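If you scroll down you'll find the structure; I have some questions about it.
Note that the chains take the letters A, B, C, D and E in the order they are written out, and that residue 1 is the start of every chain.
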């Protein structure tokens, strides 16, 4: 059987620069499975990508509609942004009974949506990360911070949850200012953040979007020298860009303890793309989960395999890391349980989203160093 | 009381960045205003001309760097700029030949030309991404700062620092030169007058022996040169990202309109108005007030930065209410 | 009918109308002449509400109308033509005329949905009226042409035609004659006289054709440099030394004499 | 062979023909005047002579050379100057710049000529730094004629140059036109101030419905009572 | 050398031909499966539905531009205001939100608008010298009072169940009722905007309205109490049944089977057809009213005003008044489109309201269709929307075609990697082609 799998991402639009690596992450998993020849007794997997523009609900619905009704995909790795994801899920995914696993949509609204069991996400919940980040910041002895967030549901949600938890634990937030992605000039934001002051600047944004623009401005004007960086920011591109200017900065991103992440980085390197780019690992996991669930359910029918997704993702069972999808398939074929860990320490909690293990990093000496997990 | 610190803080965070940003907008707006003034339509492809031209400049810069050629403390991109302008002008003249000329000959309404420029915008948009991708690219080499914060602090002994980047100074200087040159050209040179004549009354220009196609070509070349320069400076100062260049189109339009369409001085004034209203109105005065001896718990911020774009538009609207065709009495069709 | 008190209109430092005071009597056909740039059109524009005055007042039938917008003046019965034709260029010539009358039923949005029959009847009447005017102006063959495609003179005629579509109290004509064939201008002159006699329109006419002024107007007001230079019956005015020097010139005087003798012959 | 000869022109703006076999000729140093009712096609004929309207039939020659296929711009370079009936100035340029534009194709020093124009139209001279769009109707007309004079053409075409100008300026203008013609320049003009114009005309054309109705010397036309009554206002 | 051309006598036929051509495109999309078309009625209908909504928006823009020459570049703002209608009318009430500060917010808004009205009064009524100080005093007092009422109320509302609500909530009324409400929101805002900005001409008005659009969007994105801001508002009720309900209904399944369709496909198609019916009905009603008005003296008056305002006003037409009228009506129609759109999306996502998509694309629709002509605007809208969506497929397909003769290797894979960006190139090419062959629009104004 040739199984078509959909990939719905904002290949054009405001997040177009992170989309390609997400796509590659997902395709990597699909290729791995396909090449192994072990899925449902030798089925091949063909990725079909669609451009959902990330911001235009109607265009996204049309794109996903095409994937489902015309291409006949058996599952969709996507969507990318929350609004567009909600629309395409409610209007296409659920009515047609197709599984969608999003690597990056983080809106709390997706937790409560009536998805009939068709929607999952490997993205971590903003609420949890906010707490983790607050702990880390306080442990460093930083008692007052300024926050800047990318003005969308991800940034806003993360900033809110961080601010709430941080102030509850005794920290002080001097200002919480939004920045828009895709605008080159952040003088106003930097000026406001600098004027409000604080010992560090929390940047809840994307590394190759406004987030790095704000950091650049803050460094140039000497406004801040310590930055607290959550998942959207922690990646190699940022390090390449700022090097030892980030010496005192730190952050965290969801990642498996031990091998998972490193393995994925290796795989990606071999495939020729940057695995530390935002949500690339999540995409790999999303695709892998769907394919593994198919094997577990012994069918590519999404209405059936949807019930297996949680099962393959969580304990009990043997831990499966990136690059070991073949092994996972074998085990499943043999009727054994697996616990998919993947690139981002996948642990799905109800209603189907990643609980998230975070690794704490710093940037001493101009490199990205892992200092611990929590 | 610490007036010096207050002043330096303002300079560092408000005046210098806003001036540089304003100058970048102004350069862009000069191009828009020129096209509007002479070819009589709002060119939506201007932002993408900036992007496309800058992409070409970056490619040439890479080439030069590979050959080991540099400009010392100045960015190599300056050396690549003329080549980029030439290449981009070639392309833009091509679009004129293939797209706009048809409507010009037909005497289509300006709005049709605007729509055609939207079509061109889409195409250039895609081409830029094909040529250079969607990623963020930094291509500034040479010295980054004239004065860094640390140097300034050490020198002055103040708590507040002051940074001045090469790209900022470069932008201001180039904008001043471009504006002056354009103004002289339009008002005092034969070709410049021919351009204005053409924009005023095409038929009569023809009757006076002016070659309309030459005027059009010249306009495109100058506008492209301005666009590519603006784009390159913007890219040097921030970083190059294809997507950002469409976003900057709106403030550029705003700048050219508030100054008065078709008027180079207006474009420059407009650029600074937009930039300063974005940066200054959302500025929290807490720190400055602190230096001046007024302690405050609140941020003393008039409006949060989320509304910076909105604020700059409110100011534009107020300006237009009192000066319906812009500060410098622009054209209106 | 119209009284203008010490009216000023300045452009920057330039005083286009510089303290003009004049009266247009009800029922008269008043001529307004003066050298190019004397401020005649500017005066018209101020009276008709197109330009706000710098200072001064305009009284119409005892009511202060200074600064009222043009559309309100229209409804008070004040009509005007433009020196440079202001046709509605993408509408047909007939439509240019039919749009003129005010208070048409079909101009209210609501009525366009629920009063179709009434509108149809009104339209029929309007159309007839427009065709009569076109006939009179000898341009009925271009009734369905876009007004923008008319010849220079035809546009002028259309300007005039619009004032004939409604009952006006006072009509300001700004050089209707420029570019109009003289034979036709004669007919137009007749029509003005007839409207004036039969329907009691008051006219104020700017014109550089002295035959036309001489034949129609009494009194004639001469403007120069934004002020009223002289006023009186046409024949008087044409003898006035100052007027001859500023406006008529000596060369013309002979010609006027010559052609008037030709006329009587 | 006349200096300008436009023979048997037919053509229009797309649909029906406006010109139905109209012929216009002017000799060197002659003044030719076209009169006729509104909409007769006078302006259209002028445009056709100037190449702004493609002819279906007919030919235009200048100085013996066929110029039927030339663009207006090329005709300017051949020495033709034209003042259109409307839209004949550059409104946002100053009066002085308007005149300079008239001399656009001239390579020599034209300051003298500008001075001559100012002498001719003193009212306009006062306004030389003002934008032409802010002038009164008559002043614009003077600028328009001035612009054409700047070209120093060998054939000057004027479409109602005196529309809206005061009598004193009109006289000056006609005087000047005679003067210009005496220097060997041919003049082709449309006039509604027909009696004054025909008085100075070497040749007069009465155009009706795009065709020549009467062609004669100016004086002869003036003397024809039929022409006077129907076309010249009695 | 004329710039006004005679209308083609064939324009009625033209409209029919264009209509037929677009219909053929949709049929192909529904039935044929190849590199160009998807062969799924579900996609075809999905495109059609949004096309119909776009058509309503385009009609609104056409009223403003085509009838009156008003350059409204703030379309996105009015769409967003219309979209607020369903959120505030039809969504379920949020428990505790009203108690937290509902009345206080309303009081604050009343004070806010009252201040503006008062300021206008002051400006008009107070003698020259005192004008500015009096105005400033009024504004300051009003602003302080407004913030005093507003801030605590908003804090309270946003704190109320912040993660999944935090907004004021709706009334829970039927969603169809919210469409006119959305239109009214947009119209009311347009009245205010028009009062202030309609004195501006052409491009100056454009930039002013562009700014106003941005301001409205900024408010919607940042005022969480209103509609959750960038956190998005989902769960807007539908006027048509849910697909899953239909799939669970044996009668429907049986009926679908009798057409030889599986239940999922059939339910999708049926729901979309119902939507299409609703949207089509609204569209036809708007067109009917618009056509009646346009073919009356009212339309003639509007054209006169568009042609030459000075002359129209000298002919007794109240130019300002008419501009305001058409600006309000046009904006209301745009708002109606916005309300319909969020009803179909089931979602209000202010982050997605960007001017390229919701202002300029609508403009492209109007101009490509033929401004001034209602049918033109509608056909333009449906066609451009179709292309906008299909460019997603055609662009990459074009790229594959282009790279076919290239040898395997770096350049080819680089080009193929950029294939998604061909979406824009394809869109641009098609737009330019349409404009080339119909330079005055598909169905030009007569």
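Keep this in mind: contacts are C-beta pairs under 8 Å (C-beta built on N, C-alpha and C of every residue); 3 or more make two chains touch, one makes a residue touch a chain.
Keep in mind the model is a prediction, meaning the values are calculated, not measured.
Peer 1: Treat each pair of touching chains as one step and give the shortest count from chain A to chain C.
Peer 2: 2
Peer 1: Taking each chain's centre as the mean of its C-alpha atoms, which one ends up farthest from the centre of chain B?
Peer 2: Following the centroid criterion, the farthest chain would be C.
Peer 1: Roughly how many whole angstrom separate the Cα centroids of chain A and chain D?
Peer 2: A distance of 76 Å separates the two centres.
Peer 1: What whole-number Å value describes the gap between the mean CA coordinates of chain C and chain D?
Peer 2: Taking the mean C-alpha position of each chain, the two centres sit 28 Å apart.
Peer 1: Mind checking the centre-to-centre distance between chain D and chain E? Centres are C-alpha means, answer in whole Å.
Peer 2: Centre-to-centre distance between chain D and chain E: 53 Å.
Peer 1: For chain C versus chain E, what separation do you get between their C-alpha means, in angstrom?
Peer 2: That gives a centre separation of 46 Å.
Peer 1: Quick one: which residues in chain A touch 2 or more of the other chains?
Peer 2: Only 16, 20, 151, 178 qualify.
Peer 1: If a residue has to touch 2 or more other chains to count, which residues of chain E qualify?
Peer 2: As it turns out, chain E has residues touching two or more other chains at 1-3, 6, 221-222, 421, 423-424.
Peer 1: Quick check: what residues of chain D touch more than one other chain, meaning two or more?
Peer 2: Chain D, residues with two or more chain partners: 13, 52.
Peer 1: What residues of chain D sit close enough to touch chain B in their complex?
Peer 2: Touch list, chain D to chain B: 50, 52, 72-73, 76-77, 81-82, 84, 87-93, 97, 100-102, 104-105, 147, 151.
Peer 1: For the complex, which residues does chain B have touching chain E?
Peer 2: 36, 42, 44, 99, 102-103, 106-108, 111-112, 114-116, 118-127, 129-130, 133-134, 203, 246, 250, 253-254, 257-258, 261, 304, 306-307, 309-310, 313-314, 316-317, 320-321, 324-326, 332-333
Peer 1: Over in the complex, which chain E residues touch chain B? Could you list them?
Peer 2: 1-3, 65, 196-197, 199-204, 206-208, 210-212, 214-215, 218-219, 221-222, 355-356, 360, 363-364, 367-368, 371, 395, 415, 418, 421-425, 427-429, 431-432, 435-436, 439-440
Peer 1: Hey, which residues of chain E end up touching chain A in the complex?
Peer 2: 33, 38-43, 46-47, 50, 162-164, 221-222, 229-232, 234-235, 242-244, 247, 264-265, 267-268, 271, 341, 345-347, 349, 351-352, 354, 357, 388-389, 392-393, 417, 420-421, 423-424
Peer 1: Touching residues of chain C toward chain D in the complex: what are they?
Peer 2: It comes out as residues 11, 33-38, 40-42, 83-84, 138-139, 142, 149-154, 156-157, 175, 178-186, 208-211, 246-249, 251-252, 255, 259, 263.
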